Structures are given as C-alpha cells and as structure tokens.
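Taking it in order: structure first as structure tokens, then the write-up.
Naming follows writing order (A, B and C), and every chain is counted from residue 1.
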Amino acid sequence: MSAVTVPPKPVRRTRRLPRYVPWAVLAGSLALGALVSLLTGEVTVTGVVGFGAIVYVVAITVTSHVVEGARWAKDRLATTLVTAAFALATIPLISLVVLVVGNGVERLSWAFLNDDMVGIYGSMVEGGAFHAIIGTLLITGLASAVAIPLGLLTAIYLTEYATPGPLKRAITVLVDVMTGIPSIVAGLFAATLFMIVAGPQYKAGVIGAVALALLMTPVVVRSCEEMLRLVPNELREAAYALGVPKWLTVLKVVLRTAIAGITTGVMIAIARVIGETAPLLITVGIVANVNLNVWDGRMTTLPVYVYRQYAQGGASVDRAWAGALTLILIVMLLNLVARLVSKVFSPKGAR
Amino acid sequence: MARELTDTKEKPVSAVTGTETIRRGPAPGRVGNFVFKGLSSGAGILIVVLLGLVAGFLLYRAIPAITATRDQLEAVGFMRGESLLSYVLPLAFGTVLSSVIALVVAVPLSIGIALFISHYAPRRLAQGLGYLIDLLAAIPSVVFGLWGLSFLQPRVGPLFEWLSTNMGWFPPFSGYLGPAKNIAIASLVLAVMILPIITATIREVFLQTPRLHEEASLALGATRWEMIRQAVLPFGRSGIISAAMLGLGRALGETMAVLMVLAPGFLVNFYILRPGQHQSVAANIANQFPEASGLGADVLIATGLFLFVLTFVVNLAARWIINRRAEFSGAN
Amino acid sequence: MSKRIDVSDLNVYYGDFLAVEGVDMVIEARSITALIGPSGCGKSTFLRTLNRMHEVIPGARVEGKAVMDGMDLYGKGVDPVEVRRQVGMVFQRPNPFPTMSIADNVLAGVKLNNRRMPRALQAETVERALSGANLWNEVKDRLDRPGSSLSGGQQQRLCIARAIAVEPQVLLMDEPCSALDPISTLAIEDLMNDLKDEYTIVIVTHNMQQAARVSDRTGFFNIAGTGKPGHLIEMDDTSVMFSSPSEKATEDYISGRFG
C-alpha cells in the first residue's frame, strides 16, 4: 500500500503583540496624561497616573483588539484591570506609611517616649506619650493574660477533646461569629458589666482589658486551632502507643510541636487588639499622668491618645502623629517578631 | 464465606478466666486527664456563656430605654425629643449606607487583588504580596482615621467637586461642599479597612480551585481570562459572597474611621457628597457614651444592642454560606 | 519479657458498624506472627485492638476477650494507658517526634511520662535501645540531632528503638515497611529476626513475600465484600500457609488470584 502524504493542516496562527508593546503603550499613556494635566492646569502625581491609567486601559485593549482579536483583547483588559486593582491596593499602605513616618518622625524622640502630659496645655510643644504607652502595655497585657489561656484551652478542647456534636458545633460557630463582634459593642459590654458590678462611678483600666479580651479570644482560638490541626495524628498515636496519657500527649507532644505557630498566632492577635481605639475611648478615658494601677482610675492608651491629641488640633497634632508612629512601630514589631518566631522555631524536616 | 477456625495446633484459650488485671489502683495520668479535660471543656463552654452574657447585659441595660415613655426620653439631651425608634432609624440608615458603599468599592477591588495574587503574580512573589495586603489589616483604625483626614481628603476633594458639578443632575452627587467630610469619604476609608479580610477569604477560595478544571480549560485553548471565567469564578462564587458578608460585618461595626472623618447629621437621604447628613451607630456611641449617664447611656446601649444583633446575623449568614460550601465542595 | 496473647471471639465495632467479627487467635511468645489479607479486611483494625489503640477513634469498641498471659486486656479497671506500656506499636509511616533529638526520641516513653531517670541510666537506655534496633553505629555520633534528620529507614528503626526502650512484652507492627525502600526493608526484617528472641511480635503486612520471609505463623483475614465484617479465615504455621493452605480463599490470595 502506498503511503498517502497528507499535506500538513495549516495551523492557524494568532498574531500576538510583541512583548514590548504594552510597555510602550504604558509610557505613551503616561506622557499623554502629563500633557493633558499640563494643559488643564497643575501637574499632580495623582492626575498624571490616574489619567494615564485610563488612557492605557483603553489603548491596550483597542490595540490588542485590532492586532490579536477580541478574545485576546479581553484577556489583556482583564490582566490590566487585575494588576491595576493590586496596584491600587498598595496605595493606601504605602501612602499611610510615608505619611505617618513623615509626620511623626520629627516629634518622635526619647523625650516624647519618656514624658507624660502633666502640666502641658495650650500651644506647648513639650509632653509625650509615656503614660499612654504604659497604659496600652498594661491593658493589653491584662487582656492577653485572660484571652491567651482561654483561647488556647478552647482550641485544645475543639481539636483534642470535643466529639462531633451540638456543643462542638455551637462553640465553633459562636467563635466564628465572635470574631465579627464590633469593637464598640465589646466596649459597651465591658462598660455595662462594670456599671452593674462595681457601680457607675468606677473607672479603671481593667474595664478596657475585659473589652480587649473579648475581642482577642476568638482570634486566639482560630489561630491556635489551625496550628493544632496541623500537628499530624501520627505523633499523637506514637505517644499513645508509648503509654503516655492523653493530657501529657497534648501538653508535651501536640503543644510542643505547634508552639511556634501558636506563638505567631498569639502575637498577631495581640497586634490586632493593641491598636483598638473605640472600646477604650468609651471605657478607660484619658488622663495626663501615668497610672500604674489597672484596678483603679482612668488610664491613657496610645490609640486614644492619638485620637484626642489630633482632635485638639494645634501643637497637639504633632504629638498625635508621633503617637501614631509609635503605635505602628509597636504593631509592626509584633508582626515581625511573630513571623520570625514561626520561621526560626517551627519543627524542621518532614512532616 | 464461612468462617472457620483452622488453628488446630492450639485451641484458643477462651476458657481462661482473665480476671487478673495488669495493675489495680488509679491508672496513670487519670487525675491529669480529668483536670486537663475539665479545664479545656470549661474554656469552650465559657466562650458560649460569655457571648450569652454580652447579649444579656446589653439587653438588661437596653430595656429601660425601650420601655421608657416619651416624657422620660425628652430628658435625654442628645435625642432632641425623638422617640427611640426615630432616633435609631437615621443611625441605622447611615451605618448601612456607609457599609454598602464600602462594599461596592471593596469587593470588585478584592476580587482583582485575589486574582492577581492567586493567578497573575509570579509564584515566588505571591506569598509576599498576600502578606503585604494582610499588613493593612494590622494597621490600627485610629491611624486609618488620620490617613483619611490628611491623605485621602485633599485628594478626593477635587474628584467629588468634579462629580458634583458635572453629574449633579444625579441627586446623590449633588451639593458637594468642601472639605470632604461626607459619607462617601468615610465609606472609602471603610473600604480600605475591610479590603484585607475580603481579599484573604476570596484568595483562600480561589487557591482551592481544582487544578484539573483550570488545566482542562487551558488545554482547550482558553486564554487566562477565559480560564478564570470558566473555572475559577464559578467555583469561587459562594466564597465571594461570604467574603463580602464578612466585610460587611466589619464595616457595620467600624467606629473610628466614621467618627474621625464624617461630619455627623441625623438625616435619612442619599446625598452622599454632602456633609452633615449621616451618622453611624458605632460612631455615635463613641461620640456620646463618655458623657452619657442614666437613661442616656441606656439609649446608647440599646443602639449598641441593635448593632450587635445586626452584625451577628450578617456574620452568621456569612459563616453559614462558607460552611455549606465546604460540605458540597468536598475540599476538606 | 515476652508474653503470649489469647484472643477469643473478638468483635470490633465502629459505632454500629461491625468491622471485624469473631476472631479467635493465639499469638505465641518469642515468635513473629504475620497478619495478611486484602485492603480493608480489618487486619490493621484487629492489630490495634491488641493494645487498645483503636480507642483513639471515637465510637470504636470491642466485644470479646484478649488475654495476655492470664491478664485480661479488657478487664474491668484496666487502663488503656497501662496496656500500651506493655504492648508497644510501630506504625506504617515513621513518626519520630520532630521537636526531639534522636536520644530524646528513644527516651520519649520515659520523658513524656514525667518519669525521672538518672543520666547514666538514660545513656545506657539509649545505647541499649538503639543497639537493639541496629541503629547505634549509624547515629552514635549525632544523638543530639533532630530525629527527622535521619533517612526513612533509619527513622523507622528509631521508632522501633523508641518502642523497645520502654521494655514492652509485645511489639505490634502495622505495615512497618510499606513506606520504605527495599534496602531499608531488608534492614527492618533482619531486625525483626533479632528481636523475636526477646519479644512477641505481630506484624501486619501487604507483602506476602515479607510474611513468608519473617514470620513463624501467619493469619489470613478476608471480607466477603464492602460493608461486611472482616474475618480471620485461616491461621497456621507460615510454611503450611504458603505451601498447603486448607482454605480455597487463602490459596487464591497467596497465589495472587485476588486481592
């Protein structure tokens, strides 16, 4: 039988844009944006980038439509929009950091960190946030002392002890819902609780701590639960097979294996609540001096300090920015240390 | 199949009266087990009780406000003679309006960001970029307030002005008055604040899209966008809905951004560019509660209870959608 | 320190589901008993009942009797923790504790139970257990390295060392070689031959050659179909089982006609 040679079926080639084209279009769009801004009046970064971006979206889609066809034009449009969405999201983050550092760094000094607000009034530029930092650390510390054990034990209950049933389901759902409690409601609850228990005149840091603990506990439960679930069952079985009782298995094998992740989760939870403003605003209030007693008297916390100083205006605004910078530094430090802990101390080797 | 004992060499010693136990007395670790199990179950139950307490205490203080007569409420200065219902209504409206606008801005943006991280960004960068978005969630709300006032306000002012002059025929855009202290800018700040939680939830769902579906789509010659429309978006639809509801829950309860950015008012209307029209429940509490006492405090606690119930329902619905999806997808 | 186990009319349930039914079996001291059978026939489930590891799974329970040298494993007042100290277990996948060093892994049974042990005795125990597991020469210079730094086969021998360090009467092995390469498998099989002078060993395996190579007696489990309980079909000396089994099903399985 003779071989029949079939002529190769022509592969329909889609014409694609060369790689440099999008970049060229982008540059052109920005230039056009600058030109239009120049003609209409002042040239601002926002104006140039904003107008340029719109021109780019239209230009690249039209170009692609002409050269590559409708399907690829849609693809390019999607790519552009998706990338733009991400770029747009970085704007608040970057601008926020630049803004806070730029405004805060001037006033942030050793003296600022060591001074309180006793005897500071009017347009005086002295004064600092020492009392606020102490207050924040004390109240957050107290809240953590309640929320971490409570949250960790609940997570242990959910992963190690609870049998599938209504109680487990109820706790899981309620913890989920609790993560969404508005912070102001937590503050109201703490205020109401102490009004009823200790009388309406009672003001103390502990009220704020209760509110923060309520906000922190579900976050701790969630992250601890996630970490405990990552511990392979085989390790639990290995311990049981050695005749280790369950509670020691949980304590010395499960928790020990998950400790890095738990630490990370807990620190991120602390970072979340350390910046809470609203519940402290309505429970703990503000004073000018250092108060070391969380059981009695008003206390100043850093977020409330920032809010009040800004609201006062004038020379206080600088103090607000310096306070905001301090707050962000504390939060970022907590986040950074948390990531380091999980990197350095997590168990190595095969899971 | 018939079971048959073929072990002929030795008869099984079933006759052994195995009464002798290995060791009598308290078993090892029994006390520890009891204490530890008790502690952890106690903690779990305490959480349920705690949530009940929150509702209970708020209700206890809210009842006097709910049952108060018109005359008694007259005495509460900041209510200006309104009944409780007509006092709460504009606050509830302002809360929902600001949250919905925030959602309209944040959800499409979040879908874009989540897609960028899960399907567009280079693999090695993706995790770091996700972390960058998560960092937004760590920023204290009071700092967002500062940012809204000093960064966003001067920049969106011209845009609002332009909208108002050129599209003022559309009532919600009419009557802009600078500086921008209206509900639109408050919603923009809210949108930025709820961006991380929405993005994180959506990203999680997108990453679970079955590889096989994606590859099948690509193998049929789909472009990346067609693949996303065919495989990723349908798979993630319920995830997007529940993420939006989680974000809504956050936005409803957020206090500081609204408190700092918005010039409050107690009206029910859609003039989103006018200052002094709206106020949210949370910001109103933060504003009034430190000075309130007696029935005034009760009224504010009643509004707080309303907010609690509202967010509770929204969050519960969000979780319900997530859980139902988890059951059907069989991902876990 | 080696005991025999008599099992009589043992049923295993998961909730209402009867997983294994009516097992009568004698496990001889100082010998290796192999349990073979197709997947899902209940041989692993049965193995776990010998040190009450099945109780880890919620809803799992046992009816019947398992008696170790006159002591009822399921007797009243017997704590599963105590049973597991007498009946050790090695699992399918090597599972050394990732947070512990090699030495600490061997001593895990002691340390996790909060028991005190003089340093000299600790060192002695580590050396004895690791030598017993044929691992001492390979790891004696790096006892403080993490257990997970070892190869798969070494990790499995470390797990055996960990199990024999608490000096159990019986050693259960649940497919101990299924995650290992052939050379590591050989090392474990040699080790089992050495260990049987001191311990009663029960091994579950999918590998019939392995059962034929290492065991003295072999039991064959089978199920009639999915959802039906597993049964012990036949048990005899390994040589008999592999040359002239008395059951048709056993012969079919061993000659590879099904399973």
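As a convention for this text, contacts are C-beta pairs under 8 Å (C-beta built on N, C-alpha and C of every residue); 3 or more make two chains touch, one makes a residue touch a chain.
Bear in mind the structure is a predicted one, so any value in this text is a computation, not a measurement.
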| item | value |
| --- | --- |
| Minimal step count in the chain contact network, chain A to chain C | 1 |
| Longest centre-to-centre distance from chain A, chain (CA-based) | C |
| Where chain B and chain C are represented by their mean Cα positions, the distance between them in whole Å | 50 |
| Length of the line joining the C-alpha centres of chain A and chain B, rounded to whole Å | 14 |
| Interface hub residues of chain C, defined as touching at least two other chains | 81-83, 85-86, 113 |
| Junction residues of chain A - those touching two or more other chains | 243-245, 248 |
| In chain B, residues with contacts to at least two other chains | 28-30 |
| Chain C residues within the chain A interface of the complex | 51, 53, 56, 58, 81-86, 88-89, 91, 93, 95-99, 108-109, 111-114, 146, 148-149, 159, 162-163, 166 |
| Residues of chain B defined as touching chain A within the complex | 28-30, 32-33, 35-37, 39-48, 50-51, 53-54, 57-58, 60-61, 108-109, 111-113, 115-117, 120-121, 129, 132-133, 135-147, 149-151, 155, 192, 195, 199, 223-226, 228, 246, 249-250, 252-256, 259-260, 282, 285-286, 289-290, 293, 297, 300-301, 304, 307-308, 311-312, 314-316, 318-319 |
| Of all residues in chain A, those that touch chain C in their complex | 163-164, 232, 234-245, 248-249, 252-253, 256-257, 347-351 |
| Touching residues (chain side chain A, partner chain B) in the complex | 46, 71-72, 74-75, 77-79, 81-86, 88-90, 92-93, 95-96, 99-100, 103, 149-151, 153-154, 156-158, 160-162, 167, 170-171, 173-186, 188-189, 191-193, 195-196, 200, 214, 217-218, 221, 243-248, 250-251, 268, 271-272, 274-278, 281-282, 285, 303-304, 306-307, 310, 320-321, 324, 327-328, 331-332, 335 |
